[in-house]
Every structure is written in structure tokens, then in C-alpha cells.
Amino acid sequence: MNSPALIIFCFLLLSAFSHAAVQDFCVADYSGPQSPAGYSCKNPGKVTVDDFVYSGLGVAGNTSTFKAGITTAFVSDFPGLNGLGVSIARADLAPGGVVPLHSHPGASEILLVVEGTVTTGFVSSANSVYLKTLKKGDIIVFPQGLLHFAVNAGHSNALIFITFSSESPGLQILDTALFGSNLPTELIAKTTFLDPAVVKKLKGVFGGSG
Amino acid sequence: MNSPALIIFCFLLLSAFSHAAVQDFCVADYSGPQSPAGYSCKNPGKVTVDDFVYSGLGVAGNTSTFKAGITTAFVSDFPGLNGLGVSIARADLAPGGVVPLHSHPGASEILLVVEGTVTTGFVSSANSVYLKTLKKGDIIVFPQGLLHFAVNAGHSNALIFITFSSESPGLQILDTALFGSNLPTELIAKTTFLDPAVVKKLKGVFGGSG
Amino acid sequence: MNSPALIIFCFLLLSAFSHAAVQDFCVADYSGPQSPAGYSCKNPGKVTVDDFVYSGLGVAGNTSTFKAGITTAFVSDFPGLNGLGVSIARADLAPGGVVPLHSHPGASEILLVVEGTVTTGFVSSANSVYLKTLKKGDIIVFPQGLLHFAVNAGHSNALIFITFSSESPGLQILDTALFGSNLPTELIAKTTFLDPAVVKKLKGVFGGSG
Amino acid sequence: MNSPALIIFCFLLLSAFSHAAVQDFCVADYSGPQSPAGYSCKNPGKVTVDDFVYSGLGVAGNTSTFKAGITTAFVSDFPGLNGLGVSIARADLAPGGVVPLHSHPGASEILLVVEGTVTTGFVSSANSVYLKTLKKGDIIVFPQGLLHFAVNAGHSNALIFITFSSESPGLQILDTALFGSNLPTELIAKTTFLDPAVVKKLKGVFGGSG
Amino acid sequence: MNSPALIIFCFLLLSAFSHAAVQDFCVADYSGPQSPAGYSCKNPGKVTVDDFVYSGLGVAGNTSTFKAGITTAFVSDFPGLNGLGVSIARADLAPGGVVPLHSHPGASEILLVVEGTVTTGFVSSANSVYLKTLKKGDIIVFPQGLLHFAVNAGHSNALIFITFSSESPGLQILDTALFGSNLPTELIAKTTFLDPAVVKKLKGVFGGSG
Amino acid sequence: MNSPALIIFCFLLLSAFSHAAVQDFCVADYSGPQSPAGYSCKNPGKVTVDDFVYSGLGVAGNTSTFKAGITTAFVSDFPGLNGLGVSIARADLAPGGVVPLHSHPGASEILLVVEGTVTTGFVSSANSVYLKTLKKGDIIVFPQGLLHFAVNAGHSNALIFITFSSESPGLQILDTALFGSNLPTELIAKTTFLDPAVVKKLKGVFGGSG
């Protein structure tokens, strides 16, 4: 089989499949409509490698004002993730730093300790507690939608990377959901059995109204 | 850890995750393009609780003209369901009322009897029949895509609620598909082995042509 | 085409597809191994209509001792749901009754008010509150994994039916997760910013240890 | 980089990933338990190419007794398909042969005409009819769960291949579901508006009882 | 139950479900935005049977210039497939014709031999080789994403039909990916251990640069 | 509402939902049957936090013999991942170290550079090359099933963490698939257009037979 034939052969194959190829990926076009499957796709002809690369996780979160900083690379930050079912974030925890109790409505999570020592855990639907202090290189997995947290258990800074089974895991932080929102104090008290005075005090802290 | 730090802390967390939050839900914007995943998403900033609430099932279907009425809350009726994989409907059956033989191409179904007595059943791919008369409070599940029906088995009105494993289950009613459509009588006869005269008569009833 | 030919014809078709037919449904065999997709399948030859019917929702939950009762029809209660992506529950709320703040890690939910008046709502990842008082016949949808609640807003009993986009939605009740578990008080305080004394008091109520 | 190093390199990579590799496929072990996701997996160490190859479609269906024969390669026939989301079948239609009205509860379908001329069509949930006579090489797609059929429109044999978006599409043939089952005549009449006499006659043909 | 009542009955049912019906299918509107779930949906009111029918596979690929031709019916060619999870292609192989080593990133595949004799196979993640020479009527399944190929093993033309578990399976041909692209020779050599001179020579054949 | 009532209340809720809770997670029981959805579930009563924690990534891969080492935490290594749709691995690259050209049949991937400088890229179905040199903290995403690679571009060790959108992404290394397997040299040559002598030489290096 001579070279020109080969070239024609490949061009035929390419032309046969060239349309399908656009579906290898769907880089987010934030200006287009969203659907339950994610953002609209950028024109593949205009996609460059920079749509698939993100540098935002290279900078440590600010822990000087206080003790914890979080930086995300979700599809809303990083268009190349659109439709690919995976995302990532970093958390920097100074000594005493805490990632407060929260859940991700739409994803399971792997937490990786890259520096330091971190105490972390989650609670299941059966109210079982799975608690562990992780050292550098350890990972823990949190099943989808369950409450979990992380605390710097050491005397130095801790750095953790968190990966998710969705490009858009969402986040519900317990304190800000209850005490940073306008959910009426009376309803919070009724549905959590917290004392209204306790609720009011925390709303003062977290900026909630009602 | 003092309060201002806490507030900053939460604002940081919120800003870190604020984009991701839009993906908690995708309320249908009926004016945008549809995709295989459903309707376009309404701007989350303009979403209100009324997008998640629907009152159309509060009114009984009209059974005065004849004996059965059905009211749906599918994503096409209720925008809050878009992408959430669940929907619901009600059926009101006067004595003698019938929900005729039909299937849902895209969903399994749970039928709940809230009032009255209802005889219901489905047929499997193996032509096995699963038949039961349900009383108030009973439920039955119909696997996706199989022919099923419901008949008021009592002397009083029956009220049933029907929930689906999709926000858009679809519905194919056997009689209207065959005898309310323009499928040619000859083809119906050939592919169902019904007598052409029987087909023609039912087309007269159901308004089919051809 | 004569009748015997037709019969042979159908037998041929049936035999051609008889194996595939077993996959219309996979009724749970609780004695077999579970997989991430659910329970093992009961032998289709031994499946009867009673595997698809459940009567447990016909009885009101006990609200005499106190003011709320919940009854579920999840795949763990009702084998016919296995693999079908839908489930249902009922809640009975006496005057003053409350379904406390909780989330479902694996499902979206439609709440239907069949009797009474119910104030209900959810909080999004953006800490937006979606709050509504529902009357008989109203429905509200809660997107997957978000904190929500219901309170009887009237002076009579309320009956609500709740349907889910999964046969196994799970449930995480905030109070029992925090105060009914053995999550150490110190960690709860650190990760919720609740006062340790408040945590200890609620652990006394909900039976938590640590 | 010298050859021994390369070999070690590759062995390292292989050992690192060797477990994961078993999940390239899950050939059906018919003797193990089934789950909603399909059959159990055969031990990958015992899998051979013959698990991925099937010769059953090489033989024309018997159309001598009468005019149509169907041969399937579903996961229940062909273990290599387990979990792979695709299957295939062939239909042989002598002149006058018919594939009667039916639906597949769990799959969309592409019908390909390899020999002859075939009139085929489907009916949508909106009772719209999509009808076409196909010649050799034409294909038509039937969306999941909708009633469709095929008729030999020529004077020679027709050969069609049918592919599905599931390894286990299921099949519900209208006539055998209604008239070849034990669904009581009275219920069929009530829920299809067919005359009981018509139902009884067809039950005689298709072997139904009740 | 008299005929007018029946007609009203059916109209009621139809109106109740008419919106939901649009979701039976989502024919591709190539002019609208794409999402990770596929193309936008054409207005259902403007959909005709011709959107569901494709004749492009009726013509043999050109094998005169050289020995192989491929024709696809993917969603990018055939709008009716949008969202339906299945597609199909044909390959014509003259004696000596080859479908070179390639993989489909997003789909499993069934290969059907309609004419001739074809040697085909795939390699698993464990580097196991599954190799078979297929005769007319044989099928083989290739699990998603694995390298596979086909070679005409006979002295006559071969015709194969290939079906996929996705409407957009994609295609990565090894030679054109490496030697028909602008991947630098040095990087190809480093990451494949091919000699740079070999790489340069094949780039000459396949038209690659760098 | 007094405390005992609260306790009863919570016990009721717990009992109501206790079965469903088992489905928060499905820790792999490697001794049970596998299904297309993954491994069987370990008895939830015997699950401990250690099922969700993995320390294998804490040790650098051996790069002394040669220049690259890879360590995985896939479901086959780490039972807690079963069914959760996410996994992770690390690669250690000494100066000159290479992760050779490969693809993951079942997952998209995010590559994170934790130490050093890495040149990486992938090729699309359209033979477009997306190539970038990443510094510490940068990430790149590789869409599912496409060929990609990584090369240490610096003079110090590089450490990368790789996360996947599946608990079992699989891996197909081009060289070991072709030259470390028993795929016959003649077929490799025919389907890759490599010279048989080149194939034979590489088989010598990678240990392939045939």
C-alpha cells in the first residue's frame, strides 16, 4: 500500500468521523444557555489547550486574616471540566484552621493530605461516625451528600486537595445555611431544637437575618 | 476565633463556592432551547420559591361529563422539576371510571390509592400478568415501559396519585395511539391482527383517520 | 395468515425474547449480595404481584406519644422498587408536629400535602431560603442533597406523601447526626461554632455520646 | 533508557494498574446472582475471545412454516454484552411477513434494511405517526419505549438487523401481551374499549386464557 | 360509555399529557447550542419521519482508489439519533483492506460481518489480546475505549456494520493521532519509545508536522 | 416538647429510615461476585473508618532503578471507593522520567502538579494536539478515552496526582498493548503501518510474543 493511498485513506477516515470528534469534549461557553447537563459547548474550532488548563490552585488560600482558605476548580471556575464528571479544590489550613461541617449535594469526594496532619470525618444516614486523623499522603473518601469536616490537627500549616465525582459538586455549609441565611429563627429553632437565643446569637456571627 | 474572623471566613467560603451553587437546580426556562437533558435553566438569580411549588394537583379532575380525569405535574407543567428525575400526577375516577391501557416510555411508576378501591395491573415482556385490587393506602410499582391500567373497583370516587422516576415520563395510550392517530387501517390490521372493520369502528370512536 | 401459523409465530417471538424479558424488573432478593446498583434479583419465575404491591403506607404513623410519625416505602422496605429509581414515604403530623431539618444524600424529593397545612422549605448551596406554606393538594420539589424541613402550620392533623428520585434516597437528620451520634463534642463545637455547653445539652436530649 | 529498565518500567505500570484492568469488561456469568446492573462477572482470568463472539445471527430465521423469524443477540444470549449498553437482532421476513406492533421498554432502536423493502413506523406519545418504506441500506431510529412495527413491502425476502441502546432491551408484543396472556377479557375490554367478543376471538388465536 | 364521552375522555388524556410527549425524542437542531448531553432539540411540531430516517449507509464506501471505505451514521450525520444512545456505521473492505488500529473514547461497539471474512480483535488494559476471524453473520463486541482493528481476511470484498452504545462514539485512529497530527517528534519518541527516524518517516506518510 | 418525646421521635425517625441508610455507601467485598456496577457490598455493620481511608499514596514510587513510578488508589486497591465514581493515583518522575502514551477507557482525568515541571498533552478524535508545560499547582483535564502522556520537563523530581471520574478508570498503555502483548507482528504491522522489523525490535524490549 503506497503512501498517497495511505494519506487518502486517512483523510477518508478523518472526514468520516470529523463531526463525531467534536463530542470528545464540551468546553463550557459561559455565555450560552445552561441545561441540567451543564453549560453550552464552546465552538470546538475555537478551543485551545488553555481551556483545559487551570492555574488557580497554585496559590495558597489566604490564612493570614484567620486560619483557613479554600480555592476551587469547579466547572464554574474551569470551563474544560464541563460534562467530564470530575473537579478539584485545595484547602489551606493554618494551625487551628477548620473546614466547617458541610456536605456536597451532588458528589462524592476524596480528600488528600499533601502537607500536615488533619482530623477529618463524616456521619452516615445511620448516624455512624467515621473519624480519622490523616497524615501526609493519606486519603479518605466521603460518600455523596453526607456531612463531613476537616480540622488541622498539627502545629504547622496543612494543605489538602479535594477531588469530586462531579464537575459541579455544590456545597452546603451547615452554619451559613442556618445562620448566614434569612431562615426565620423560629423555624430554625422548631426544626433543629436549638434554643432561639442560641440561633439569634449565631445569626449575629454569620450575618443571618429573620 | 472571634466573630469578624468568622464572618470573613464564611464570606471566603461562600465566594469560593458561589458559582458551583447555581448547579443545585436548573429551573426550566421554557423560552430557551431544549436538550436531551431537558429544558434550559432559568437564571438562578431570578428563581423564587414559586418555581418549586405547584398547586395544579389540588383540584379534582372533571369526572362529571364522564368518569375519569387526570392532572399532571410533569416538567412541562412544573418548571422546578427540570433535571431532578421525578414527577407526579393525580387521577380521579368516578364509579366505573377507567385509566385505559397505556405505557410510559421513559419512567417507572408508583401508583398510590388515596381514596377508594382500584383494580390495577401490568403485563411483562414475558406476557405475565400482575394484577391486584388496591385499597386506600396501598401502592403498586410498574416497571418502566410496560403496559398497565387502573379501574375504579368500588362504588365511590377513587383518587390516586402517581409518581414517576423521570420529570418527563411520556405517555402512550394504546387506543389513542392506534385509533386516534392517522396510522392506516390496513397497517393496524396487519400488525395487530385486528379485523379491519373493528379498527375502522374504533377509529370512528377515537377520531383516527386513514 | 391462519391461526395456527399465528400461534407458532408468537411462540417463536416469545422464545426469541424470553430471556431478555427477565430484565423488565429486578425484584430485591434481600438474602443475596448487594452491589452499588442495589440488591440481587429474585428469580423472575418466583416473582408474584405481591412483590410489586406494598400496604405499609395505609396506616397513619403514631402521633399519640408525640406529634409526628413517618412511614417509608424504600427498596429496603419494598422489594419491587429495586433498580427502578423511585420510592415514597408518608408523614403524619399532629398539630405542632415537625419533620426536623434533614437531607437525602441520594435523591430529589416531591412533597405532596394530602391533608392539612404545612410550612416547608429548603436552603440552597448559595444559602438562599425557599420557604412556602402549602395547603391541601400543593406540591413542592426539593433538589437533591439540600437541607429541608416541614412543620404542621395548622390546627388539625396534616398528612403528606413524599416521593423520591431514587429507590434508596437515604436520610441525614441534622440533630441525630450531630447530637444522636458519638461525634466528639469538641469536634462538633469546632466545626459548627456551637458552644460546647449547647452541644452537651442537646446530646443529652438526642442520646449522643462523646 | 535501556531495555531492561523499559521492561521493569512496564511491569511496574502493569502491576500498578492490573487490578483496575479487570473492569474493562464484565462478561456475564449466568450462574451468579443478577443485579439491576446486569449479570455477575465471569472471572476475567477465564474469559476468552469466544465470550465476545457470537455466531447465532448467521442463520436466517425460519420463515417456511409462516412468514417471519427473529433471532436475537441480547445479553441473555451473548454473555460478552453484559454491562456494555448495546445489543443486536435480525429479522427475516418472507413476502407478506410482519413484525407485529411492539415496544422495547428499555431501549431505543436502529433498524437497518440489508435486503428487500420494508414498511415501518412508530407512534409517539402525541399520537403522531412516523411512517416510511425503507429500501436496502436505509435505517430508521425508534425512540425508547414507543410502539413500532415492520412489514415486508416487497415480493422478495427481506433481511433487517436491529440494534439497541441496551444489552437487554426487553420486548412487549401488543397481541401476545393482551391476547396471549391471562389478562381477564373483561379488563381488556374495559381498558382498551375493544368488544369482549373481539377479545375472546383473539385470545383463541393467541392462546390467552381468562 | 358512549362514543362522545370516549372522545372527550381521550382529548382530556391527550391534553393532560401533550407537553410531556415532546420528550419522547429530541431531534438534533444543528443550528442551536450543544450541551454535554448533545445537540439542541428541533421544534417537535416541525419534526417529520425524514428526521428519523437515514439513507447514507446504502452506498458502499469507495474502495477503488485503495482498499477500505467507511461511512458513518452518527448524531452529527443523522439528527434523529440525538440523545438516544445508539449509532451505526458501515465499512467496506476490498481484498487486503484494513480498518487500522483505533479506539472509541465514548462507546462500546458490536461489529457484524454481512459479507466476506474479517480478522478482528482488541487488546485489554491487561494487555490480553482477543483475536478472531469472523465469517458472514458473526458478531464481536469491543468494550468501550479499547484499541481494536479489522482486516479483510478473504479474497472477496467484505462488508461490515458497526453499532455503538452512543450516538457520538468518537474515534481515535492511532496512526493519524500520532503521525497525522502536530505532536512533536521528540515527544512521540519519548512517550512511545519509537525511534525518531521511524516517527519522522510515518509523519511523512500521514502528513503530520512538528 | 419534652426530652423523652424527642428521643422517641428520633428513634422513630431512625427506625423508619434505618434500612435505607445502608445505601449511603457500598464498601467493596472483594470476596463476593462483581457486577457491571462494581464489587459486592461489605456488610455495613462491619464497615469501619479504615474502609474509607487509604495510605498507599504516602510513599513515593520507586524511581531509583529507572525514572518513573506510579501508585494507584483505584477501587481494586481501596474498597471504600466502590460505586462512588472517583479515584486517584500518584506518579513520581525523576529527571527524564516519562508516563508513556496511554488512555483510560472509562474515565476523564485531572492531572495536578504538586512538585516540579511537567510537559503533558492529549490528542483528540480530530487529531488536534493540546500540549502544555505545567508548573507546580497547575492542573490539566484529559477528556475520557483519549491518548495522553506526561514528561518531567525539569531537572528535579516531579510529583503529580491524578484523579479520575470513575473508581475504576482502566489503563491502556500503547507500548505494552502493542509490544508487550501477543498480538501477532503481522497484524500490528498491517493495522499500524509500522515496519515489521520495528515491531519485532520493540517486542524484544517490551516482552511481547507472536
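Descriptive notes on the structure:
Letters are used for the chains, namely A, B, C, D, E and F, taken in the order the chains are written, and counting of residues starts over at 1 for each.
Just so we're on the same page, a contact is a pair of C-beta atoms (placed from the backbone, for glycine too) under 8 Å apart; a residue touches a chain by one contact, two chains touch by 3 or more.
These numbers were taken from a predicted model, which means no experiment stands behind them.
If you take chain D and chain F together, the chains in touch with both are C, E.
The minimum number of touch steps separating chain A from chain F is 1. Of all residue numbers that take part in the contact between chain C and chain D, under half occur on both sides, making this a different-residue interface. Matching the C-alpha atoms of chain A with those of chain B calls for a turn of 120 degrees, to the nearest 5. Chain pair D-F has a twin interface among B-C, A-E or A-F; that twin, with over half of the contact pairs alike by residue number, is A-E.
Taking each chain's centre as the average of its CA atoms, chain B and chain E sit 34 Å apart.
In terms of their C-alpha centroids, the spacing between chain A and chain D amounts to 41 Å. Computed centre separation for the pair chain B/chain D is 26 angstrom, with centres defined by C-alpha atoms. Multi-chain contact residues of chain C, defined as those touching 2 or more other chains: 1, 6, 14, 17, 20-22, 24, 33, 35-37, 100, 105-106, 121, 124-125, 127, 131, 143-144, 146, 170-171, 173, 175-176, 180, 193, 205.
Shown are all chain pairs that touch, namely A-B, A-C, A-E, A-F, B-C, B-D, B-E, C-D, C-F, D-E, D-F, E-F.
Those residues of chain B lying in contact with chain A across their complex are 1, 3, 5-10, 12-14, 16-17, 19-24, 26, 29, 32-33, 35-41, 82-83.
Every residue of chain B that touches chain E in the complex is listed here, in rising order: 33-38, 61-62, 65-72, 74-77, 89, 96, 100, 105-106, 168-171, 173, 175-176, 180, 204-207. By the touch rule above, chain E contacts chain F in their complex via residues 98-101, 103-106, 119, 121, 123-125, 127-129, 131, 143-147, 149, 151, 170-178, 180-184, 187-188, 190-195, 198, 202, 205. Remark: chain E residues 1, 6, 14, 17-18, 20-22, 24-25, 44, 48-50, 52-55, 57-59, 73, 78, 80-81, 84-88, 107-110, 112, 114, 121-122, 124-127, 130-132, 134-144, 146, 161, 163-165, 193 touch chain D in the complex.
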